[in-house]
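Look at the two complexes coming up: chain A is in both, with chain B in one and chain C in the other.
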Partner chain A sequence: MSIHNKKLFLLCLATLAGLFVLQFLLSDYLVLAFTRILILAVFAMGYNVLMGYTGLVSLGHAMFFGAGVYGAGLSSYYLGVSLPVAFLAGILAAIVLSFLIGLLALRTQTVSFMIVTLMFSQAAFLLILYFSEFTGGDQGLTLPTSARSFSLFGLEVDMTSDVARYNLALTVFGVVLLGLFAFTQGPVGRLLVAVRENEDRTRMLGFDTYAIKLLAFTVSGGISGVAGALYGLMFGYIGSAFAEFKISIEALLFTLVGGPGTLLGPLVGTGLMTLLFDRLSGVTTAYLIVIGALLIVVTLWFPTGILGTLRDRWLPWLK
Partner chain B sequence: MDIVPYLLLATLEGLVQASVLMLTALGLSLVFGVMRVVNVSHGEFFMLGAVAAWVCANLIPGPPYVPFIAALLIAPVFVGALAWAADWAILKRINYNPEATIVSTIGLMYIIQQMTLITFGPDAQAVDAPFYYTVRFPWFGYSGYKFFIIAVAFVLVGGLLYLLRHSKVGLFMRATQFDKETAQNFGIPVTKVYSGVFAVGAMLAAIGGVLVVPSQQAHYLMGHDPLLLSFVVVIVGGLGSIPGTIAAAILIGMSDGLLSVFFSPTLAKIFSTLLVALVLVFRPQGLFGKAGR
Partner chain C sequence: MNTIGTKKNLTLPRRSLLKGMAAAGTVLAAPGIIGRAVAQSGDVIKLGAPFHRTGIGAAYGRWYERTALAAVKLINEQGGINGLPVELIIEDDGTDPKRGVEAVEKFSAEHKVDAIFGHLFSHVSAASAPRAGELKMPYFLCSEAHSLAAGAFNRYVFQPSISDVKSQVSSMAPWITDNLGKKVTMIYPDYAFGYDHRDNLRAAVEAQGGEIVGDIAIPPTETSYTRYLPRIPLNTEVIYHVLVGPGVLTFVKELGEHLGSQRPEIFGFIDSLEAVSFDIPQLAYLEGTHFWEAMPRYAQPNQTSFDKFYREKVGVDANGASVDDPKSVATFSHMFSVWETLFAMKKAMEMADYKGPKQKIAMLEAMESITGFEESNEFPQGRKIFNGKMHQSFAQQNISKVVDGKLKVVHTVSPEDTLYPDEADYTKMSF
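Right after this comes the complex of A and B.
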């Protein structure tokens, strides 16, 4: 198998190596912060498949993140399955949900698509609240101690250890990153970009654009679910806050800041924004105001994001 | 037990809600119809109207109707100016790109919400009704102020419709809505029409907020429900159709009052959100609208 875009592949490997070394350099607090960053970056990378590469702006990805959180968390909480099984259950829930929602939502375009995804996501959020006896509602559920460790292939992993959590998050991040490299830099990725740039022309060339978009939607939702399932299981807590509108907006903001349609953009955006929010939370509780201002600033003056700007100016392979 | 008083009460409450909803949704519909953009911060303009009414009630002395009338004048002017500024500073610069407009009005929504929280705090604030007069029915008394809300809403909407149909400004707006480029060729100042429409849309929401605050309370998060319901109305009524919006507002305002008697508010909201999504997917021209151009 030949590798398209070797430079980007090497940069991905270097990034993973750098992230591995990082845990020996950072304080405990920052290792925890970077664990969260890695998981949220997976979420943003999933969002980016749809928004950046395919050009479909969804306002409802919180529901796929939430499907991961609840699919994994509820099967662990009620069925007592082992963590790897719960993890797979969360991903499966997100894939099924995103396929079904995609079937419907992709009949619409641009503004309607944004509103439809937003409304489905709000309905999902409200359903979690409505069935709060089962889901824990906004109070949430804390997973039992038995669900705080697991063994896989003879390897014991303790979910309360910072080092274990970081390396687990890094492993999942690495798998998703390399998987998305193969997905976006090959022929399928070029089809996604073709739909983004000119859907009519792509259809004219004989491609089934609805099927391409549905594939992108399902992959995007599924990866968001990977992040959700990992987040819920790793920190042992599930709650309706994971399916809030704000979560969708964070994925959008992280992707916009880092650079939509660049493979590593979401990681950059998530890292910068998460560290910024952590700083701000010491100063003010109204960090939402910063999210709001950034959304406007980025839309006005910086629509291609950090890595997108680098790509357009100097590094055309950074995509 | 007699069913008549319950039915009458539910109808009255439904009418009050429908009138406020009609004003708010009409603002959203006007903006979408003429400018083809969705303003997600519309609910915050409603909230600002309510908060402005509360501020007036605290700052302006005299019997309750004095600050109320002041609020009815000041709130729309203030909110309209804010919307005009947002249009100038943001929307004009992104050239009213539909997707970018949604993203930046989401940003605006957070900013307005959090600024209100920082300035006025998280507590819900009550405001006195401008007058107390009870209309006596054989079974119960009903607040005369609520009849006043209905009257004001219908007068305003009637005036707006008249303006749209019979004035030069209305003609400009309809021409811009029909075909922006051609309108510009005929010398219609399209950019001014856009700024004006965005401000008027926000003003309608602000008036809705002022009217509602004596029977609800002013709170920095109160914009969510009017936004959602306005979405439902605008989309069910057919995007950009004014008569459709009015019909849908009355239908949904009335039925929402009845529904929330029988079902939990959460269930009613799940129903509305799914309704919006499914109408957009399966009948994008709205339930009442004909297939668009």
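Right after this comes the complex of A and C.
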């Protein structure tokens, strides 16, 4: 099997190795912070498949993150299934939901697509509130103590251990990263980019662009669900806040800053923005203004994001 | 036209860009790395306060912070705790569950605090309490949620000051049915906070021989209430309302337009109007109605010296507003919990001769052994019964009537009358 874009593949492996080593170098708190960053980076990577590679800007990805959170959390809370099964249930819920929403939303384009995805997402959020006796609504549900550990292939994993949490997040991140490398850097990835660059021409060449976009939408939603399921189970809490509009905006923001259409951009964007939120909120309550100003600067000077700028100027293989 | 990459538009050399990125990364990571070297314990007691500085709870957060600063100042003036000064570290949780958890992790791993206190909104505490337990971090709530008393949390979580909503509602109901009427219509927000009131009030009213004749849940997204008000049954004797947020003013105005002067009795929870002044035209319709208050906003004729002392230290006048700005109204029925919680923590630490994390378990066990707090400068809201098994306090409650645009206390429920059977025993859990 030949590997397309070997330089990027090596960079991905180096990134994973670096992230593994990082846990021995950083302070306790930064290890915890990077655990969250890795999970949210998976979410942004999922979003990037649709926005960065396929050129479709969704404002509703919170519903897929939320589908992961609730699919995993509710099956653990009510059915008492083991965490790996709950994790898979969360992913499945997100895949099914994104496929169904994709079937409808992809009948629209550009601004209409943004509005339709936003409306579906808000409907999903309100449904969580409406069925609050089952979902816990805005107050949420705290997962039982039995859902704080699991055994997989003879390996006991304690979800309360900082080391286990970091390495679990890193493992999921690594699997998604390498999976997306294969997905985006091969022939399918080329088709996604073709749709982004010129959908009419792609259709004229004989490709079913609706099917391509539906595939991208489902993969994107499914990966968002991976992040949501992991987040819910990792922190032992599910609540409607994870399906709010601002969750969609976070994914958009992380991807924009890191570089849409670059494999590692979402990781860079998520890490940078999460740490900025964290540091600035300790300095001022007006930290969102500071971040807004920074975003204006990024948009003016680096409109293709940090890694996108590097790609455009010096490193064309960084995609 | 895409001009990215043109020299005119971007002249930043690659080396400078990479240097800039590396420097930015170092600056962002530095506090975490340096934190390893400077974090110490044993010479100061560090308390972490994740307050709602921003988000929907910001009005509460502002006053929680002000109260906490005043209490810590007083504790330090009195010699600190066990001879150690108290350092308060505040983080903004954005009234958001995700960031609430992040704040707990930051307090535990970076600031290395001795305990955390101050979460109010129930969805934030529901997300944060499990994580605090996993990090073995003493976590003191200043909330009203019933989750703790119901056994949903863990041995590290306490609520030593403010009563939970079940206790508040069930102790109010007998007075409502005896004095205002037995046919009650509930109007509440259509989410968990509202359901707590709905479920507990229905049970309490029916236990008193009363009846819920109307049940009106209003979605949180509503901005006008006119289409809900006709659902108030004509035989309603009491309207019970607990709406919160900016829509309350519209609700009161539209309620007045709908009912006119022939209104039934009206009973509300002050949560609806915390940080809102009563003497504004939109609220004139509330004249003569009743409210629950944990701690009377307006200084009463029989004001205790403790209430006076507390107001003076926090900087609140007799009308429940800031002494610096009479238009800045306090969240008076909630913020006392921050003050009292700090003194409850101080008491437990003194009982355990707490000097640092080595005495953490002893401090938690001391907290569990406490049976109550007497009314004092430290506990100005009133006497409390503390249930060490449920980790929950039971305090006196007040019913006030709006008279001349001010709240006048007409009835007080003793702590004993707010009790309900134990629902949890955290002392059986391991640390």
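We adopt the following convention: the second predicted complex is superposed on the first by the 301 of 319 C-alpha atoms of A that agree within 3 Å, B and C clash if a C-alpha of one lies under 4 Å from a C-alpha of the other, contacts with A are read in each partner's own complex, and residues count from 1 in each chain.
Keep this in mind: contacts are C-beta pairs under 8 Å (C-beta built on N, C-alpha and C of every residue); 3 or more make two chains touch, one makes a residue touch a chain.
This structure is a prediction, so every number in the text was calculated from the model and none was measured.
Within the superposed three-chain model, A:Phe254 lies out of touch with both chain B and chain C [touch as defined at top].
Of the two partner chains placed by the overlay, neither chain B nor chain C lies in contact with A:Tyr47. By the touch criterion stated above, A:Leu129 is placed in contact with chain B and with chain C alike. In the overlay built on the shared chain, the residue A:Arg279 is in contact with chain C alone; chain B does not reach it. Legend: residue contacts after superposition of the two complexes on their common chain; A:Phe181 is shown touching neither chain B nor chain C.
Legend: residue contacts after superposition of the two complexes on their common chain; A:Thr108 is shown touching chain B, with no touch to chain C.
In the superposition on chain A, contact of A:Phe65 is made with neither chain B nor chain C. Once the two structures are overlaid, the count of chain A residues touched is higher for C than for its counterpart among chain B and chain C. By the touch criterion defined above, A:Tyr166 reaches neither chain B nor chain C. Shared-chain residue A:Gly292: touches chain B; no touch with chain C. In the superposition on chain A, the residues of chain A contacted by chain B and by chain C overlap at 126, 129-130, 288, 303. Residues of chain A touching chain C in their complex: 26-33, 36, 126, 129-130, 132-133, 136-143, 148, 160, 235-237, 239-242, 272, 275-276, 278-279, 281-282, 285, 288, 301, 303-304, 306, 309-310, 312-314.
The touching residues of chain A, counted against chain B in their complex, run 57, 59, 104-105, 107-108, 110-112, 114-116, 119-120, 122-123, 126-127, 129-130, 249, 252, 256, 286, 288-289, 291-296, 299-300, 303.
Chain C contributes residues 4-5, 10, 12, 14, 17, 21, 24, 28-29, 31-33, 35-36, 53-54, 91-92, 94, 96-98, 101-102, 105-106, 108-110, 122-123, 126-127, 129-131, 134, 145, 147, 152-153, 190-193, 195, 219-221 to its touches with chain A in the complex. Against chain A, the residues of chain B that register as touching in their complex are 37-38, 90, 93-94, 98-100, 102-104, 106-111, 113-115, 117-118, 228, 231, 235, 264, 266-267, 269-270, 273-274, 276-278, 280-282, 284.
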